[in-house]
């Protein structure tokens, strides 16, 4: 039932994150009688059934795996990909900049692989709603699989259509854009947002940021316009070897936000 | 009724974020017959009543202010402070690293000013629960005011007590520490967490990080141990003047996370 | 005798960096019979004469100061300012990107306060030469004072003139631009550079960088075009309090470099 | 004769940097009658002789290469490696923090591959001197090759010996450490430095930094103690695609500096 599950014991059909180490984790659905294969031998699901989340299981080669309940970021990391990766830090910041949480109503464009969509759905919860637009039907098909897998398909309405032509919803709390041309959607976002609602755009390039900020300023219906970049740095913490990691993701994208006011 | 409000029109008793510019915003409660004073003249609340969020109001000096519905980060920024500031980026990342959202049950220590507490309460929502421990009664009194103001006091249980002596709750989804000595609370966190639940600690210094990571490793009940630092950089976006801001917040703290497994 | 002096003992007319702590240092010329005033009392130069660099002196209030021989970066930090500050990290990187050192011949535009000029002169040494162009006579007057003070005025030729109109020198090793419109000087830089010589431009904004890179590409006479940003972060190192500093300089400028090839 | 050459025309025995693109460059010595092989065909040195630096040459497959005069950083990048890479930004900052330039006298430990040694030698020039210590004879043999190749072997004295046992030189301008245990060399550095001379240590880990700073403080003979980290970020500058590069070197090392005063 997706990342909202919080049963103590693992049952048939549950999702389990099988954890070997920081770099090797597997998100699987438990099916009685079946087997899961890894580089370190295979694991029989029948041995998993009835264990608790947090327990361990051994492969036939004696390698030990941990059984975890996947959370929203595990689903994010394991989403079937139609498009680029969305990083945890960016999802967290986008959500924060949008000011959204339980029971928020949010428009997203585009849907892409549905990875960000899943996360938004998780944060708005069952009382909330995510309307997700994309022009590509095949993206939305793959996205639907990711939403179902994450157990949030009931919270999301996938809408096939071009954001540039406008949104059907009114008075939403936030419009979140992960599009090549966010500046073309600024006036549609204005129409869809409630007074004080948040516009958030995530873009890798500076040209996109400049055009989007200019469109927000020209529109006349937005204040509190701000662009930030968030850089996440992993630390190696070991006695005598403590230091930031050598190789890092240097840039993913810029986040531009604004709030709607009546013109 | 706190940051969950989404009425279109402003009524008596509502919180309003009065916005002049990026650096001058005021979080006020609207009271019929009263006046709000600023450097740019005073505003009569009677003129605000009945307006929509997103509308504007003028002071007696003709300066125009925008009326916004405060969101979780506005409350965070305006919290009465007993302790250090908590930044939006850190709240967002802490929440993300904890994997929490609607209906999560979370332990926090210490309460401090209640700023992070408010944000956690917002994210877990009415179906969730935040148990917040602090040894200082006067901190918790101030925190309670901030929680009431943010409309989330029903979601939070303030608990006067030292985290080092253990938590009363069991099977919580996450334990979040913003303490001087998080490493002393690792075993208490283990006892309180469900299998697979997340430990998250926020600390400004490297010594705290090292001791905490060591305590997590020594405990034997944690995997997926990771430390990150998140650096947020504001961009000035103006034609011919686009650049990162000159002065920035260079460091707030390191986030260390881990997940519980049964020993 | 500027920052090249390396006498062991302090004599009349020598420059001394009087050091109280990291934030309070004073660059003075020692004059027999005179006194130097600080917030912590006054120091008599006669007490300094004959001491060694590295010795200490006390003010009349008993506060102890250290006597240091100023180096290139001390002169840089203490230059009379007509324009913006140039940071040590940027001087270091600009020099490195230009590939210059002892006996290099370098063109600089604009001179500004002469701070970067002094540093370039220091690095090319007495066998080298710096030709520094500026349109403003008053800047160059102030710059000359800074060059004399740093003891490098013999190495520098200050040239009143607009870089856009071309340079008189040929076959120089590097052209270094710290100008508002570096892209307008690209073809003049080509004319002045030897084959393989380096073009380096330092600019705070992205628009400057884009125009400059485009001009370099369009010119057809440059390869190895690269833009970097260098971020310097100070660390507080104290047992139990080790961490990056809270406030930092987040951005000074971008460095764009290229090498000349014959078209 | 190494990176100090500045002849216009390429002669027998000269070093040439053969440049294909940012990632493919080759540092070769021109030998009459010989051939240079690349993935893009071979180049005959006879065709290079008599050309100017900045000219081009074609391989037998018609691919065009540029002929550049190698500078100090080209030698650095192409040094035969016995040890880790030293980055341009770090060489630049280390040199700047040491306050050294033409005619400085510098001690370095350890020699390693001689890459940093070459750069130091370049900056101090023919009037200067670099005394480079290492315990490993085989490192110094390889280093000597790199120094000869870079044309600076006359400026450097390679000394086989352990820095911990002290340096033979006195009154040097700077002591530069790129060692696993720099804190053990602090008192030897004190003995070797002139008053006001600079101590600079480059270390990848925080534990090294802490021990070194503590040793400097405990010694009593150092002031102006400072630790910085320098992060270099490459920018992709293309119309519509301008952005920091995705993958970056996140950490190389911390630079700790201090100045000697008499105890």
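Chains: A, B, C and D, in written order; residue numbering restarts at 1 for each.
Criterion: contacts are C-beta pairs under 8 Å (C-beta built on N, C-alpha and C of every residue); 3 or more make two chains touch, one makes a residue touch a chain.
None of these values were measured; they are calculated from a predicted model.
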item	value
Neighbouring chains common to chain B and chain C, by label	none
Distance from chain D to chain B - Cα centre to Cα centre, in angstrom	47
Chain A and chain B: spacing of chain centres that average the CA atoms, whole Å	21
Between chain A and chain D, centroid-to-centroid distance (C-alpha), Å	44
Multi-partner residues of chain D (at least 2 other chains)	206, 233-234, 239, 242, 244
Chain contact graph, described as a line, ring, star, complete graph or other shape	ring
Touch list for chain A against partner chain B, complex	3-4, 6, 8, 19, 22, 52-56, 66-69, 71-74, 88-89, 91-93, 95-97, 99, 101-103, 122-127, 171, 173, 194-198, 206, 209-210, 213-214, 223-224, 226-235, 237, 239, 242, 244, 254, 256, 259-262
Residue ranges of chain A touching chain D (in the complex, touch as defined)	204-207, 233, 239-252
